[in-house]
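Okay, got some structures for you below.
Across the two complexes that follow, chain A remains constant while its partner is chain B and subsequently chain C.
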Partner chain A sequence: MTVLAQARGATRRFGAFTAVSAVDLAVARGEVVGLLGGNGAGKTTLIRMLLGLLRPNGGEIRLLGGPPSRAARRRVGYVPQTLGLYAGLTVAENWAFTTAAFGGPRAPLPERVAPWSRELVGGLSLGEQRQVAFAVVLSRQPELLVLDEPTSGVGPLGSARLWEDIRDAADRGAGVLVTTHNLEEARQCDRLVVMAGGRVAASGTAEDIIAAAGTAAAGRADLEEAFVAIVTKQAGATGRAGTDPVGPGSAAG
Partner chain B sequence: MSERRAARQGAPEPSGGHGMSWGLEDVRVTRGRTLALDGVTVPAEPGSVTVVVGGDGAGKTTCLQVLTGLLAPDSGTARRPAKEHIGYVPATAGLYTDLTVDENLDFTARAYRLSGADHDRRADQILDRTGLAGVRTRLGGHLSGGMQRKLATGMALLHAPELLVIDEPTTGVDPVSRVELWRLIAGAAADGAAVVASTTYVNEASRAARVVLLEAGKALASGTPDAILRGVSGAVGTAPGPARPAGPSWRRGANWRVWSPDGRLPDDASPVDPDFEDAVVVAALAAASPSSASASSSPPASPPAREARRER
Partner chain C sequence: MWAMVAKEFRELRRDRRTVAMMIVLPVLLLVVFGYAANFKVSDIPVVAVGPGASQAASLLRAPTFQVTETDAAGTEATARARLRDGQDVVAVVTGGSRPLVLMDGTQLFSVQTAEAALGRLARPPGVAAPRVRVLYNPDLTTSWVMVPGIAGMILVFIGTLITSLGVVRERQSGTLEQLAVMPLRAWDVIAGKIAPYLLLAAVDMVFIIAIGMGVFHVPFTGNVGVFAVGAALFLLVTTGMGVLISTVSQNQGQAIQLAFMTLLPQVLLSGLIFPVSAMAAGVRWISYLLPLTYFIEISRGVMLKSAPVSALWEPIGLLAVLAVVVLGLAIVRFRRDLAPSVRASGERPRTPEGASA
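After this line comes the complex of A and B, so read on.
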């Protein structure tokens, strides 16, 4: 099993605030790993360290066999929530511009987005825009894909099509890291890592996580219940809320 | 029948008017030359939550705007209580970012002409339920996204509305705040309000009393979550990846789900009991391929869907 991206004991502080604390995470070829956590759990800081955009204060990061480098980043496909497309350009123009910018050969538009080639990206639905962003990133045949909430706001059929693309990429050998707080996306992943308060609060399959939370015993074998239980417990343990600074039951303003 | 007529004319209901049901019936809305809603029915019963679920551009906001009276339908009926008995939370904002939490509640109370004592009691209750009691003096704009949604919802509940209409309360909100928001919304229903909420998350819909699945301005399925599950025609199976099985199929983790409208699954698939997510995908597939749509007698998915989105 080839590990494509790995964090070992990764820690990152901003002043007195520890955003990520001794986190272990690995993404191997052909697997889809879900990184779950509320706002402020440390997901983005961890991703930035994995991509070499931010140096850890402690621990080690490996990306595609070495320390994160510009050369390694070129082999990574990253689709942010904002997609990184030009709304005022057509799908074909976005395609041509991005493939040229990355120095790739001229390639025909992928079949899935070809019907919209002359449409302005800004005029497409969100689901269609996400498919275009995905096609553009996949055209570079990245070895590692990093996707931020890939199906957020997309209807059921659109989501199903996006997950087909993601799984196709994994079946062809790419490693995929999906950051999300959407538990429907979480259920599509092979393995999950739940972050709360900058730490890994639980990891494993959805079933492992439900078992770890102990909520199934209460008659709720539900990933959402489990997630909330784990995050709430971690917030209590670290004195740092994983989500809102103030919520019911926590007066840690 | 007489009840309905009274509501249609917008006659104010006395506050004891529980038992009256609100909602949309066969509503059609065109915007320019495009069909934004095509004969959509959304029930809203006192004491329960109806969820309108669909992706971006499906027509959810249009539905809610017709229900609140912000938008007049071309045809069909919108039954709603008098304006002062409606609470509405739009998808964005719904609060004043340059007022504090307390000031937001005060301002809303005055707008609804709540008396001092009524307001104090209600505001305390809302602060308690939203968990915002510790941040009364914080500016709305300085609250986290989840807290802003809770405050906006609390403001819409201040006057104890008979009908609460809430547009995507949980989009972009983290899971813990999401659970708290739904607790707040369910609490309003428990107090007797009819609640209509929209969402893009299918798992949130599965917990509502009633669900309307919307895509491109059409209701693809509607009813209780159980009824939608029972409404899955044919058979659903699972097949191992990566090779795609024959027939309409979609990925579920590393495996495939496959749907056979006539109940005959391909050889490599083994049958499964469909869950709510499967039922939603099947309803969308059935609507997209009218030849195989035994669940729906509606005409082919409308071509102007793309235009409808552009107008938004």
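After this line comes the complex of A and C, so read on.
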């Protein structure tokens, strides 16, 4: 199993505040790893460290076999929560810019978003914008996909389509790291990592998480119940803010 | 209502930049500009040439005049060259039946002061009244002197403000983070970002100069190439300042505030309105840090005095140094935005997502 991205004991502090503390995480080829956590859990900081946009204060980060680098990022597809599209450009213009920036050959616009080619991105619905951002990233066939809240603000149909894309990418051999607040969607991941208070509070399959929370014994075999129990327990242990388990659609931690 | 007032005060207390602008800045501006705002020129640099140079020099007293050189072997050509090259503002040519006083008409206030002082001068018996000739701007037309400077001022505004807004817009919309994960270097992003603004500013420059020549009849007597080199360097500095401002601004409002804070000193301290030589020494050094100061020297020199590149190497060289410094700082700061791995660990991330982390 080829590991594409790995954090070993990764720690990141901002002054006196520790956003991420001794986190271990690995994303292998062909698997979809879901990163769960409330606001301020440290998810986005961890992603930024994995991408090499933040240097860890402790531990080690490996991206595609080496320390994160510009060359490695060329093989990564990243869709931030803000999507990274230029609202004042058309879909085709955004596509042309990204293709040129990554130094790829001139390719036709992906079929799915071709009907909007002349539309300004700012004029599309959020769901359509997310489809465009996905299409742009997926067209490069990255080895690792990093998706920050990919279905935030998207309707059920759009979400289903995006998850189809995620699964297709993984089936083609890409590793996928996806953050989400939506615990129903999280079940579609091969593996879940629950973060709370900057630490990994639980990891494994959805069933592993539920078992670890001990909520099933109380007759509540629900991932959401398990998640809340784990995060609440972690908050009690660390006594730290940023373990708020709630907040669909809000900024990722 | 009191709840609203209290709320405003609380918000204001945490908005240090606005508080600084409202309290510190006016005091600072009053002190600095109070010393800078001076139309009364002293120490006008004078060269005296010809056989009677020493005698002429002895008549031109401080504080109005400051004799920089007495050259008994010098001629009218020597004197004209020194005025063209900006070494002196007044030149006294002796040796003829009457002394000839040449003045640099691009230095409006200095010439007016010098003319008044010459009129009051007590001539020794037997010395004929001098002939006065104002060069480059014989009628002392204000627009001839102002237009080349105003062109620069407009481009400071456009170059700095518009560029800074363009980069801040990337940060606010979240696209800066996307740029960070692209295989682009900080320099690629900065060059790509400022190139269109640079081109537009250059087109603007052509329009402004053309309008100045067409509407205000300002002459363009010098070499277009020399002007173009100076203008290109000046525009590089102003757009670089825009990028630099954007790296310390979180939003467009802050960028506008900072851009205005750089614009105001340039208008008042660059020599556009008040002669640099008339400013108090304590604030004059600020003028020498401002790109507009050097652009004004170049534009007036080329347009009005046909100054060759050899006469303008100093302002051109200093603009080049400023361009390197400003763009260098902009790249260093911008690299921290693009790949914050080198950022000091005490700073919180600035992206919307990261802010909550």
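Simple rule for what comes next: the second predicted complex is superposed on the first by the 241 of 253 C-alpha atoms of A that agree within 3 Å, B and C clash if a C-alpha of one lies under 4 Å from a C-alpha of the other, contacts with A are read in each partner's own complex, and residues count from 1 in each chain.
Everything that follows uses one rule, which is that a contact is a pair of C-beta atoms (placed from the backbone, for glycine too) under 8 Å apart; a residue touches a chain by one contact, two chains touch by 3 or more.
Quick caveat, the model's predicted, so the values are computed rather than measured.
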Partner chain in contact with A:Y86 - chain B first, chain C second, else both or neither: second
Touched partner set for A:A71, first chain B, second chain C, both or neither: second
Partner chain in contact with A:L51 - chain B first, chain C second, else both or neither: second
Contacts of A:D148 with chain B and chain C, given as first, second, both or neither: second
Which superposed partner A:N39 touches (first chain B, second chain C, both, neither): both
Common ground on chain A, meaning residues reached by chain C in one complex and by chain B in the other: 39, 251, 253
Chain A contact footprint on chain B (complex, rising order): 54-58, 131-132, 134-135, 144-147, 171-172, 174-177, 179-180, 200-203, 213, 215, 241-242, 250-254, 277, 280-281, 283-285, 288, 306, 309-310
Residue ranges of chain C touching chain A (in the complex, touch as defined): 173-175, 177-185, 339-343, 345-349, 351-357
Chain C-touching residues of chain A, taken from the complex the two chains share: 13-15, 17, 19-20, 39-40, 42-45, 48, 51-55, 57, 68, 70-71, 73-74, 76, 78, 80-87, 98, 101-103, 148, 250-253
Chain B-facing residues of chain A, complex: 32, 37-39, 123-127, 152-160, 163-164, 166-168, 171, 181-184, 187-190, 224, 227-228, 231-232, 242-249, 251, 253
